């Protein structure tokens, strides 16, 4: 397992797709050196996009996290979120003007409204709303009183037959160095089993979110997949997704995949990146 | 689908195993006529046991539900709960005196103490308790602050490698005529996937809980399986469990299996009872 | 595990369903004492049926095996074969007069002709027959040149979209005391995976073949499931099927389930019979 | 779906991994222009390897297919076969000098002998050979009397507990433009289910065969994965395997993936190559 420097490798590409958590930031905030790295990319004329399984707010809100921390080179046009894929699904599959019941924070309503639909908080749905519902979206594990609202969601799903969209398929997320929390993808699994339904999931490792980022990049300038690099810390989502989309991948060891476990995890999961780096900032 | 009266059929047997919810009681309380039915069984010298996926309290506490409602013929000796199976597992597999972290109501501590072990509420477990833990038990979906305690459970499971016991494998339960809630079996499924572990589940349809009831019945008087009848309202747990244990079964239509769906559900699930009755009290 | 005598137990019932192989016969031929047992059943006014996963010939041909060995009490009216279930499916689902391509012995054509359809041997099917095909049936692992005909079957399945019927779901069968052979159910599994199709399987443990036997028995005289006993040597097919149909079951230890393995197999598979006997003739 | 010319694209790389069937050859023999293509690669100083799920003979024998057809640039050193992976497994896991029972052609014995083991044809194995067996290898669907030898294999597997190696995991292969045949991977699936064992499979899409080719290429000259291109006609094996190994991939439309189905298959399977070409010779 030969390990190179990210800056050495990246100049072979015209576009970089970054995962956010474990790559650019972690539970303590932004990683040191990210600001300088993005300036370096700009100087080398390398475009970048942040592909994230996060549907907690609009691309503008997601990018605000970075500008609030002094990283001005990340704007809403750099964000590619799983919420955007869910929005596209809603737009293509739900009759305009329908109600969409959602589980999550109020800031996620953006994705429903942008699809020309009317958001309704899960807590407030009543059986006489059922005929007007066009879809149900599970955005997030926060923003509501957990147990009663999950149970309410179950009853709304059972009482209707509209599509159920999971806007973030992640099962778990880190909250600090030693602890994790269940993400909305786990809630979705639980509801799917009990309701005996098949939900629609959007986000990495599904190649469609990479397809969206690739389309966005090609609107800036014409590129081929050969010129695209995906960088992430998780084999199952970032590397598998990038590989399956047919682009080169870099696994960084600054997040969920620890240096001493990387080789074993690659062997067990049978997923290898094109390269391995300690981090994007070393 | 020929439907007979329970009272006609039951005299062929010496022992009856009843499911509780949907058979003897429902969301409104005890069904009318249960008291008279139990007196009839006594007169006919037919013993009975209530086999229930309920670990929320001791057999004494579970039977108190009935005596509080004037049903004096149901005592703790008639109760066979999934909690009792879990207790037996703990007794046989965990070193006496160990701590057992549990998720549920304080009344479930009975099953840990009876196994000569020391209960500790999940909320209060600290990493320095990990070496003293002998098992983790998931009893119930109530008795704790849901989201933080579920996440805490995930971290305790990930931080140790002790057996995880699911004392009630049910995925869902009815709360009123039209609404349901997720039971602790669903929480267990979610945690099991994320923790990538195999939990130990006790309760119907696992034949071991029927085996326990059969042992208890045989301590009263010598019987064969041919003389035992299992009565329940759910094909997947009551009827499947009774069938797999090799005893006759009656499906009652007073609970989760509605009259107009029964035949289709039997066909889909490929599970048939020996008989079908409207209820135990008709 | 208390073991009783079959003759003791059987008098509690009015109808017995027998599995054939491992119960009434084995690789050496008929078991000693079967003739006398059937005479005893007749004297006690107990009807019997042989439920068999065998579609290699008509009920008449299947019963001839017994009459050729001096067992005159078994006639075609006593035979309930998986072939009969397949025939019923063909009759209900295929347009009369259609061609049905089959894999198996010529004696299985009976089941196609009785469904008012036209059999065609798999070996002779040509692409220009495809539009006239109404179904494909896999009857048996014998009666054809194995490798080319299996490959031919794959190509016919891929070239059409008609239903594929598996008239015997067994995966393996014993050929002598120490050796086994792959049955047509294994061939079906292999083809199903490669063709990426879902086949229709008929035979034990599917309750529908028990339903058919129960209907036939009820045409002789009115009986309830309580009066029916299923006897078999295999937990996965005979006992599981009988249990799921809601009748009492006896596991005999004269076939595939050996005495010293029975308890462990019952525990592992979580399937228990009502009774266990050494054999039907002890 | 933008389609480029292979010759245009290949000059970006230093090493090409080719799949054989559907890429360089098909049921009619070598594709026109392959000889010239290989000369072009040589002139551009691009090395190449043929990665094939074929264990029917030694690398020398596999390369002879090409030299017999006038393609002199393909020698045994260019061949990377699934048989070589199986040989490596045998060498590392079986005690030297042990017997290895095999299913396949006599030309596959090469892989057993090279692992310092003693081949024995499956047909001739006797129960008293069991204690001397170190492994069982399934090489091919040809070279033996199919049905009796498959059944024999089942009995040998059941009679021993040695590892079972599948030297070619393919389920099916084309025999002409419209017909297919079951490959030994399908036979392996059937036996694995019935024997209730877990076999060891070697070949694409398992990344280890790509690892072996990458090691061989690096012995010639130092290269990185970025400089490697995998070319194949099958999404499930060639493209998935190349992607998971982290190298760029080209899907060619000259074999199992037809031009008009390519986009749908990529969407359904969620596997995309880096590029798509009509063929390697256009």
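Every chain is named by a letter (A, B, C and D) in the order it is written, and numbering of its residues begins at 1.
In this section, a contact is a pair of C-beta atoms (placed from the backbone, for glycine too) under 8 Å apart; a residue touches a chain by one contact, two chains touch by 3 or more.
All of these numbers come straight from a predicted model, not from anything done at the bench.
More than half of the contact pairs at B-C come back, by residue number, in A-D, the repeat among A-D, C-D or A-B. Chain D has its Cα centroid 40 Å from the Cα centroid of chain C.
Per-chain Cα centroids separate chain A from chain C by 52 Å. Centres computed as Cα averages put chain A at a distance of 36 Å from chain D.
Residue positions of chain C touching 2 or more other chains: there are none.
Contact between chains, as defined at the top, is found for A-B, A-D, B-C, C-D.
Put simply, chain A touches chain D in their complex at residues 12, 206-207, 224-226, 239-240, 243-249, 270-275. Interface residues of chain B facing chain A in the complex, by the touch rule stated above, are 127, 141, 146-147, 150-151, 154-155, 158-159, 171-172, 178-182, 186-187, 189-191, 193-194.
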